[in-house]
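Chain IDs A, B, C, D and E follow the sequence of writing; residue 1 opens each chain.
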Amino acid sequence: MVACVEIRAAGKTYSSARGPVVALADVSMDVAEGEFFSLLGPSGCGKSTLLKCIAGLEGTSTGAIRVRGQGLAGPPKGLGMVFQRDVLLDWRTILENVLITAEFQGLPKAEMTVRARALLERFGLGAFQDRHPWELSGGMRQRASICRALLCEPEILLMDEPFGALDAMTRDDLNVELTRIWQSARRTVVFVTHSIAEAVFLSDRVAMMSPGPGRIVEIVPIDLPRPRLLSIRETPEFARHVAHIRGLFAALGIVKE
Amino acid sequence: MMGLWSGSAGLRSTLAVLIGVVLLWEAAVWLLAPPPIILPPPSRIWVDFIEAPSYFLRNSWYTLSTTLVGFVLSVVLGVGLAVAIVNSRLAERIIYTLLVALNSLPKVALAPLFVIWMGTGIEPKIAIAVMLAIFSIVVDTVLGLRSVDPDAIALARVNHASPLKILVKIRFPNALPSLFVGMKVAISFALVGAIVGEFVAGSAGLGFVILVAQGQFDTSRVFVALVLLGLLGTILFYIVEAIERLVLPWHVSQRAVERPGGH
Amino acid sequence: QDKISVRMDFAPWGIQAGMHLAEVKGWFKEANLVVDVQDGRGSGNTLQLVNAGQVDVGQIQLGLLAQARENGATVKSFAGFDRRTDLVVLVDKDSPIRKVQDFKGKNLVVFAASPWAPLIDLWLKQGGLDRTTVTVSFVDPAALWGTYTAKRADGLMSTIGSALPVAEKPRPSHGVLAEDAGIAFPSYGLIATEATLKTKADALKRLVATQQKAWAFMRDGGIDEGVEAMLKQRPDARLDRAVQREQIKITIDFFDTPATKGKPIGWQAEEDWKKHVDMMLAAGALKAPAKTSDLYTNDLIQ
Amino acid sequence: MMGLWSGSAGLRSTLAVLIGVVLLWEAAVWLLAPPPIILPPPSRIWVDFIEAPSYFLRNSWYTLSTTLVGFVLSVVLGVGLAVAIVNSRLAERIIYTLLVALNSLPKVALAPLFVIWMGTGIEPKIAIAVMLAIFSIVVDTVLGLRSVDPDAIALARVNHASPLKILVKIRFPNALPSLFVGMKVAISFALVGAIVGEFVAGSAGLGFVILVAQGQFDTSRVFVALVLLGLLGTILFYIVEAIERLVLPWHVSQRAVERPGGH
Amino acid sequence: MVACVEIRAAGKTYSSARGPVVALADVSMDVAEGEFFSLLGPSGCGKSTLLKCIAGLEGTSTGAIRVRGQGLAGPPKGLGMVFQRDVLLDWRTILENVLITAEFQGLPKAEMTVRARALLERFGLGAFQDRHPWELSGGMRQRASICRALLCEPEILLMDEPFGALDAMTRDDLNVELTRIWQSARRTVVFVTHSIAEAVFLSDRVAMMSPGPGRIVEIVPIDLPRPRLLSIRETPEFARHVAHIRGLFAALGIVKE
């Protein structure tokens, strides 16, 4: 297993007017080249922070992160990122918003426009490509921001709750689509989600984080066979994984009923 | 459609306001009868204009061209300076400090120096127009360039966008609404700057017309020039606003205008 | 042909008739001169421009020269027309005010950069008055006349030639002359830098000659032609003939001091300048006595 | 901590810039030797100041107080007008049109009217300071009041917030960053306005000092006053900026300043 | 059954520079007084639009909406709303953000502050009440915006995907909390969600909307007994409801696999 992302004893403290906030405490883990890796954890545990650290957008306060063997001093090459908020630019149409990653990277315009249109079509936004962001529903905006991250076919894809604003069915649909995309080119994906089922369905391994200052509690390998169909969710192996992770959550004392 | 309609309604109400002011003024002069050397009635001003329209229009044109050159220069220079300020702490200190100090000096007091250095041609007038207009451009643009969603910058950094691309594709469009505010303030001040320049040196333009008329205590001619200046300023301002509406249909401040009231 | 730029003191008024008449009559051309006559923005401003080399010659109030020289200017006068002190305070025509002491309790307006400004205290002192007994308000030149004609002030401090005719319509006035209180202030004449006086001596000589000719012509009954010349040269200024005529007339009235009687137009007397420098010292407007030879020259007068 | 540090560092670099300018200027005067009536060296200006410091400080104080009164008035009035403009299309037309026209007129040309209506006291100076300063306040505040997230207004409407509460709790805080830009531009212009007012009428203040010194060709005294004006303007500007930092710690433009560079 | 919200043939078309968008076409439904009513439907089908129309924030283009018998000309009284985006005000701390609804309604400050603190505590934000919104994670922001809507104990609560940014466990937790709040005061709730299980767990009735111009496809009564515990989700009746709704989605042609 070749490590794509290596995280060693990484900690992150935000300094702030009201005193520092420890967001990550001593996180260590590896993501293998071509692996689909999910992060699960209670709200506020530091998932987004960890993703931003991997992306080189935030520096770690302690420890080190290496991507493809290189220490980070800014975002590494070949990265694509879906932010938790959609971050669409009001002055651009949806198509132009998707194309901006290509523009940033200086890729040929005509070719990328064709790709972008195709992507938007596949994500159900074909009819909306010339509209502005404020004319779209929340889920549509989120889909547009996913298209934007996929456009340049990044080798490492960081996704922060990309399907959070989608209904169950559209979500299933896009889960399938994402698996297809991942399998066709074997990208490395680090995926933050709050759906246990989604994590199990998509991932090679699922990391469970603890609340408070974030820590990795356990990394669960998902040994379900691939390619996986949606129907795999009805299998007992699937249920076993879900139950196991649910148990981890319960152990963290999050479900109170 | 909507835009056009609101445009012509805007024009109509602007005209209505102006006509109202003129009528009030005329009535006030009739009632209070101030000496004409102090405040002539609009009717008298109109007569004076109509006696020599080409004289006034020629000089308005001269002032207008100085104003436009000064305005364009201050937008170009001002945006450049704002970019420098946002990119470097050192540039911020140097430019801001000099600009603020310079802007605190009354141009009428500096004008003689300008004339001594630059002569009595169009240069000192343009220089004064730029000095008056550039400040609001810089300060407004700096706010606009700085008020960018940090996540948008993160998006650019993840995609290894060059600083230039971040500027052109994120910061600058984001700063446009602020820049337009700066421009609306600046266009007025560029006009005032051109006039102040003409006061100090020059033999053409509405500022010159005012001076000559003042020298003869020809107050109604002074007012012809002042009214023309007011009109010129208003027209230029609304032109900048019209361009703003064209360029920024995406901004909330414009969207709010397009759909007033809700329901 | 020599090109000379001449900048006036102010917007067009009577004192400028000399230049315009010479142009209209073709006397510049006869003297092989091309003269660019510019309107001005005040005597002080013109002095600055001449000193900075932006124009060759200025026609200004010569009493400003001493202070300018003290501050490093290199200009001097080479012809003086209004050699008498023409500083004046205008008051209502039927007002009983005739002397300085009559101004007790009155208020006066003047502009801050006026040549009057440094002399006010000395002038008041001659009548046993000071700023506590007379109110002096400083206002912009543009606002000066409005303030006076709106009767917001009892007196207007100006020069008699420029001001008295203008006042005739809005607020008929008579003048209380500063001269009578011992103020000695050479008025309108021509200045140039010492450098220009050297390099263009010959052309300036011819310029002075044209002015002597023009003023002699007007003095000897040609005022109306002077007025018409002004109107012709400044068609956009809407000049009032009666005002111009009166301004020229008063200007000519103030041509001669006792010391210049019988001398050519433009010729200046050492005695007048000495009196002026002494008066400026007394007023505290000069820190040290100025050399009169720095202030004027008669070398270009024929 | 951070804020304090960046404050004193800012002060230091501002001082460094100013000292640099002074040295350059002194050197230029030594090399080019312009006559002192055109451009005196800083050393000469300093000597002139030190000869009569109380004269200059007294007049600076006078100008400063006019400036502050004018500035405060224009903030209060300007915000009021901006609120009116945002709330009513009619008010927008009337106020904008009049304000724009008025702002296009050179205040020096209006001098006679000011003096005749308001005399030669402090009133015309305050009026001119307000007229110069108010425009940028209004235009900037209008943008700020309009650029509100429509959902925030929806939130208020759902809770039956009165228009006043929407203004005070949503629109106004949202407009503060823009208002501060307007104030930074306005404080400079209020100072210039006070000076112009002193030019128009007055017997005290730095503007008066300039006029008298100009009349007597005392260029170095003119420069003492100009330098004091530049200093005054710079200090006032940075005071407004310091208040901005205190009041707006929550705004992106300020947050970005606090964490420069990233890593 | 007393109708609290009556919707009759309501349609909504957004006019826009690029031509009109029909968001709702002919929606008719009633929500009873004290009912927990959920809206399900694919992304972009008009759920948020319908909620905004009920709130009186958007006018309907055709048809009519009555709330407690009154036609709408602006938001009706006693309404609380959770927006799809969190809409927190940057210049206020979290506590102040929550308190703003009370300030808008002119309720006594001291009393409401106590309530707000308690709410924040219950929603896991006790330690963050003095922080500013940008210092919070996405899920924390969303919880704060829920607290804000609950603060004034509105009689009608409109919630637009309030738990979208929360992990499965926090979500379960808050589902329970919401049921408790709803039952204690029998408020009327109109709830937009994209989780079928959540809709079934919480609701008295679930309305299924079709994509394109939104229409109500079917209104499914959920006859599960109350009070419901989380364990009800393991029962066959629950599974039947979920399967039925899933079938409706499938019939709309949304899942493509």
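Quick note on the criterion: contacts are C-beta pairs under 8 Å (C-beta built on N, C-alpha and C of every residue); 3 or more make two chains touch, one makes a residue touch a chain.
Protein identities per chain, from UniProt: A, E = NitT/TauT family transport system ATP-binding protein; B, D = NitT/TauT family transport system permease protein.
In this text the structure is predicted, and so the values were computed from the model without any measurement.
Chemist: Please report the smallest number of touch steps linking subunit B to subunit C.
Modeler: Shortest path length, in steps: 1.
Chemist: Going only through chains that touch each other, how many steps at minimum separate subunit C from subunit E?
Modeler: Minimal hop count between subunit C and subunit E: 2.
Chemist: Centre-to-centre on C-alpha atoms, which chain is most distant from subunit E?
Modeler: Chain C.
Chemist: Between which chains do we find the greatest number of C-beta pairs in contact?
Modeler: Result of the pairwise contact count: B-D comes out on top.
Chemist: Between subunit B and subunit D, what is the gap in Å from one C-alpha centre to the other?
Modeler: Centre separation, subunit B to subunit D: 17 Å.
Chemist: Can you check how far apart subunit C and subunit D are, centre to centre, with Cα atoms defining each centre and the answer in Å?
Modeler: Result: the chain centres lie 39 Å from each other.
Chemist: Measure off the straight-line distance from the CA centroid of subunit A to the CA centroid of subunit D, and report it in whole Å.
Modeler: Roughly 49 Å separates the two chain centres.
Chemist: Indicate the whole-number Å distance between the mean C-alpha point of subunit A and the mean C-alpha point of subunit E.
Modeler: Their C-alpha centroids are separated by 26 Å.
Chemist: Show the residues in subunit D shared as contacts by 2 or more other chains, in ascending order.
Modeler: Where subunit D meets two or more other chains at a single residue, that happens at 38, 108-109, 112-113, 116, 149, 199, 214, 251-252, 255.
Chemist: Note the residues in subunit E that touch 2 or more other chains, in rising order.
Modeler: In subunit E, 57, 85 touch at least two other chains.
Chemist: By the touch rule stated above, which residues of subunit C touch at least two different other chains?
Modeler: 48, 52, 142, 145-146, 150
Chemist: Mind pulling up the subunit C residues that touch subunit B in the complex?
Modeler: Going by the criterion above, the answer is residues 10-13, 38-39, 41, 45, 48-49, 52, 54, 141-142, 145-146, 149-150, 166, 170, 236-240.
Chemist: Which residues of subunit A touch subunit E once you look at their complex with the stated criterion?
Modeler: Interface residues on subunit A, with respect to subunit E: 14, 16, 18, 21, 40-44, 47-48, 84-85, 124, 130-131, 135-140, 143, 161, 164-173, 176, 194-196, 229-230, 246, 249-250, 254-257.
Chemist: Within their complex, state which residues of subunit B touch subunit D.
Modeler: My answer: residues 10, 13-14, 16-18, 21, 38-39, 89-90, 93-94, 96-98, 100-110, 112-113, 116, 135-136, 139-140, 143, 146-150, 177-178, 181, 184-185, 188-189, 191-192, 195-196, 199, 207, 210, 214, 219, 222, 225-226, 229-234, 236-238, 251-253, 255-257, 260.
Chemist: Name, in rising order, each residue of subunit D that touches subunit E in their complex.
Modeler: Subunit D reaches subunit E through residues 149, 151-152, 154-161, 165, 169-170, 173-174, 176, 248, 250-252, 255.
Chemist: Can you list the subunit A residues touching subunit B in their complex?
Modeler: 52, 55-57, 74-75, 77, 79-81, 83, 85, 87, 89-91, 100-101, 103-105, 132, 134, 152
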